[in-house]
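Multiple structures are listed underneath, in structure tokens.
First chain A sits with chain B, and in the next complex the same chain sits with chain C.
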Partner chain A sequence: MHIPDGFLSAPIWMSMWIIAIVIVGYAVKRTNEKLGERHVPMMGVLAAFIFAAQMLNTPVAGGTSGHMMGGVLAAVFLGPFAATIVMSTVFAVQAIFFQDGGITTLGANIFNMGLIGTILGYYIYQGIRKVIGGEKGMLVGAGVAAWITLMLGAIACAIMLGASGVVPLGVALPAMAGVHVLIGAIEAGITVVVVGMVLRSRPDLLELQKI
Partner chain B sequence: MKHDFIDKYAELDSVIHRLDPRIKIISFFSFIFFVISTQPPRFSIIFAQPSEVLMGSLKFLFYFLLIFSVILVSKVPLRFVFKRSLVIIPFVLLIAIFIPFLKEGEIAGSYSFASLHLNVTYTGLETLFNVLSKSWLSVLSMLALASTTKFPRLLKGFEKLGMPRVMVMIVSFMYRYVFVLGDEVMRMKCARDARSFGGNSKWHIKTVGNIIGTLFVRTYERGERVYVAMVSRGFSGKIKILDDLHVRKLDLCFMISFLTFLTMIWAVL
Partner chain C sequence: MELKWWHIGLIIALVLAGVISPFASSLPDGLERVAIDHDFIELGEGHEVMHSPMPDYVVPGISNETLATSLAGLIGTLMMFGLVYGIGKALKGSSVERDKN
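== the complex of A and B ==
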């Protein structure tokens, strides 16, 4: 889903850059106020964690494999704004050093794969967690949030490509959504297992101050 | 373990490697903006005005020659560059399968497979040429940047160009620890592969989930240790970095000529 340069029209990538700058800028401000620069080492190490977690491939179907994105996971542990900074950093480094996603399309990629998961995903997770309650609520919330936000990310990606005139929306939307039903399920599965595992071994890490 | 997956070949020595990182960032980012904003050739008028289509295609050839000559001078192995530049392929394939469905416009050719009729239109071909050439050239430009500049220097360049300090610090910590965590992941992956073969997807998800969970707990604990160690050595939240970046005449010459070439290709051709 990393969109390369050249796939989005100028109005789309420019507006996505503006949205990304505004939200990430706000996240930086919020995090600075609440934590100060003292917590930067931890966020840096956690960005490295997302990077390393993405090195683990899981077989998807038909011989292909994928890795998790981890946006919802980061938000469950850190809170929406700290997770936003961590995820955006990872995407920027991937674009510049791994050519995974373009430079002009970085704003769109941060939005699709980062912001939807870290911010919207976090509030979906919190909502479900409060309704169901307890450990079960956390697990269900994390899983549902991971699946929904990955689907929304794929749909947003298809809409952007469609609006740029690169692919007809009527074909791209069902295709992208269809493929990501399964990928989303895997993301949700991994997210649930990780949260469950941390709940068993270090439950205190899930009670950290959320930013 | 030895990892050089982030800035492979940045250790080489060439004129391009020695350029100031800021100069390279501005030049190679501009390259992308110029390429992206170039009008693709309109294949539908290929018979009416062949010269215009030819000129349009030539622009992209000249962009390629420009970035290719930079890569040649930098001595980064071409095999590596071309192999790495294939990252865009999955996305291009995604577009390619849609081409027959882009039905508006004149039909360039029709193919029939059994009962399936596919029409390739000029609009479709234009779209394919447009995304393929632009994304590939942009990838080459970023490769030219990342494989000729060491990570810390590049980061310093970004900081000097106004990237927020918090982000610079996060990235520099990430860079230091990604190798340590990469090793941890490799070890756990190795342990998993040594103990298992095949398995259904439910099992895979559970294993990967547990590995990532373990990694998170270990990472968090490491982060705490790092922070405590830094505080005990006087870390106050400010990081002081030695400033040894200098823009020389050669750097300016490179940037000016690179940007001049870009403007010439963009506007004149």
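== the complex of A and C ==
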């Protein structure tokens, strides 16, 4: 779902850059206030894992492939704001070094594939986790948050394409949502498996203070 | 040297990026599929603002595609770890300094 340069009109990509800068700037401020010694390697490992996982496109229906985004996964371990820094750095490196996603559209990509998962996804996860409780709550919360936020990212992407006049919104919205239903299932599946494996082997790693 | 949890995490990421990634699907992703089906995929071609050193996760100049992808994956994964670890260190450093004051 990395939007390349050329897909979005200037008013849209500029607006998304401004929104991304404001939110990431706030995340840096919050993280700066709270980050502890044990968070640092966790941030590095999550960035490395999410970068690697995003290379692993899996075929879904109709001659299409998809890969995980990882925003909810990062937020489950780190909390919304430290996870925001991880995800934003991943998308910046992908755009600069690997031509995956544009430079003009980096703000939009950080928003759609990063911030929706790290921030909104984190609060969806926490809400479900508290209602259900225990390890089951964590796994269900992480999976549901991962699926919902991947879908919302696809919908946000469709709205930006529509607003850019590239394709009518009435066309983009069902097309983007439809194709991402299964990709969202990949997102949810990998997020649940990783959280579940860490719960079995090193549950203490899930107890870092959430930032 | 004792193997710490984050060494294991980094090794898993390196295996995914270095060993598994050459076998990933090269079919269009969700957005590319919609762009192809609705005839706007060409908008994204030739409008690159800059040229990346390893476009499409391939190290240029290596004729073996598997190796070129694998190397790009390893370089990218190590770069991600180092960069975000460094950012984390820098942010933590500034919070410790403020605590002292």
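The working rule: the second predicted complex is superposed on the first by the 191 of 211 C-alpha atoms of A that agree within 3 Å, B and C clash if a C-alpha of one lies under 4 Å from a C-alpha of the other, contacts with A are read in each partner's own complex, and residues count from 1 in each chain.
Everything that follows uses one rule, which is that a residue touches a chain if its C-beta (ideal position, glycine included) is under 8 Å from a C-beta of that chain, and two chains touch if they have at least 3 such contacts.
For clarity, every value in this text was computed on a predicted model and none was experimentally measured.
By the touch criterion defined above, A:102 reaches both chain B and chain C. Using the contact criterion defined above for the overlaid structures, shared-chain residue A:34 touches chain C, although it does not reach chain B. Once the two complexes are laid over each other on the shared chain, residue contacts for A:210 go to neither chain B nor chain C.
Once chain A of one complex is fitted onto chain A of the other, the partner contacts of A:171 extend to both chain B and chain C.
Using the contact criterion defined above for the overlaid structures, shared-chain residue A:77 touches chain B, although it does not reach chain C.
Residue contacts after overlaying the shared chain place A:180 against chain C, while chain B stays out of touching range.
Once the two complexes are overlaid on the shared chain, A:189 sits against chain B while remaining clear of chain C.
Residue contacts after overlaying the shared chain place A:5 against chain B and chain C alike. Across the superposed pair, chain B and chain C both touch chain A at residues 2-7, 28, 31-32, 36-37, 39-49, 51-53, 55-56, 58-59, 85-86, 89-90, 93, 95-100, 102-104, 166-167, 171-172, 202, 205. Looking at the complex, you find that chain A touches chain B at residues 2-7, 10, 25, 28, 31-32, 36-49, 51-53, 55-56, 58-59, 68, 70, 73, 77, 85-86, 88-90, 92-93, 95-100, 102-104, 165-168, 171-172, 186, 189-198, 201-202, 205. Within the complex formed with chain A, the chain C residues making contact are 4-6, 9-10, 12-14, 16-17, 20-21, 24-35, 37-38, 40, 43-57, 72-73, 76-85, 87-89, 91-92, 94-95. By the touch criterion given at the top, residues 1-7, 28, 31-37, 39-53, 55-59, 62-67, 82, 85-86, 89-90, 93, 95-100, 102-104, 154, 157, 161, 166-167, 171-172, 175-176, 179-180, 183, 202, 205 of chain A touch chain C in their complex. Residues of chain B touching chain A in their complex: 6-7, 29, 32-33, 35-37, 84-85, 87-88, 91, 94-95, 98, 101-102, 127, 130-131, 133-135, 137-139, 142-143, 145-146, 151, 154, 164-167, 169-178, 180-182, 184-186, 189, 201-202, 204-206, 208-217, 219-220, 222-224, 226-227, 230-231, 235, 237-238.
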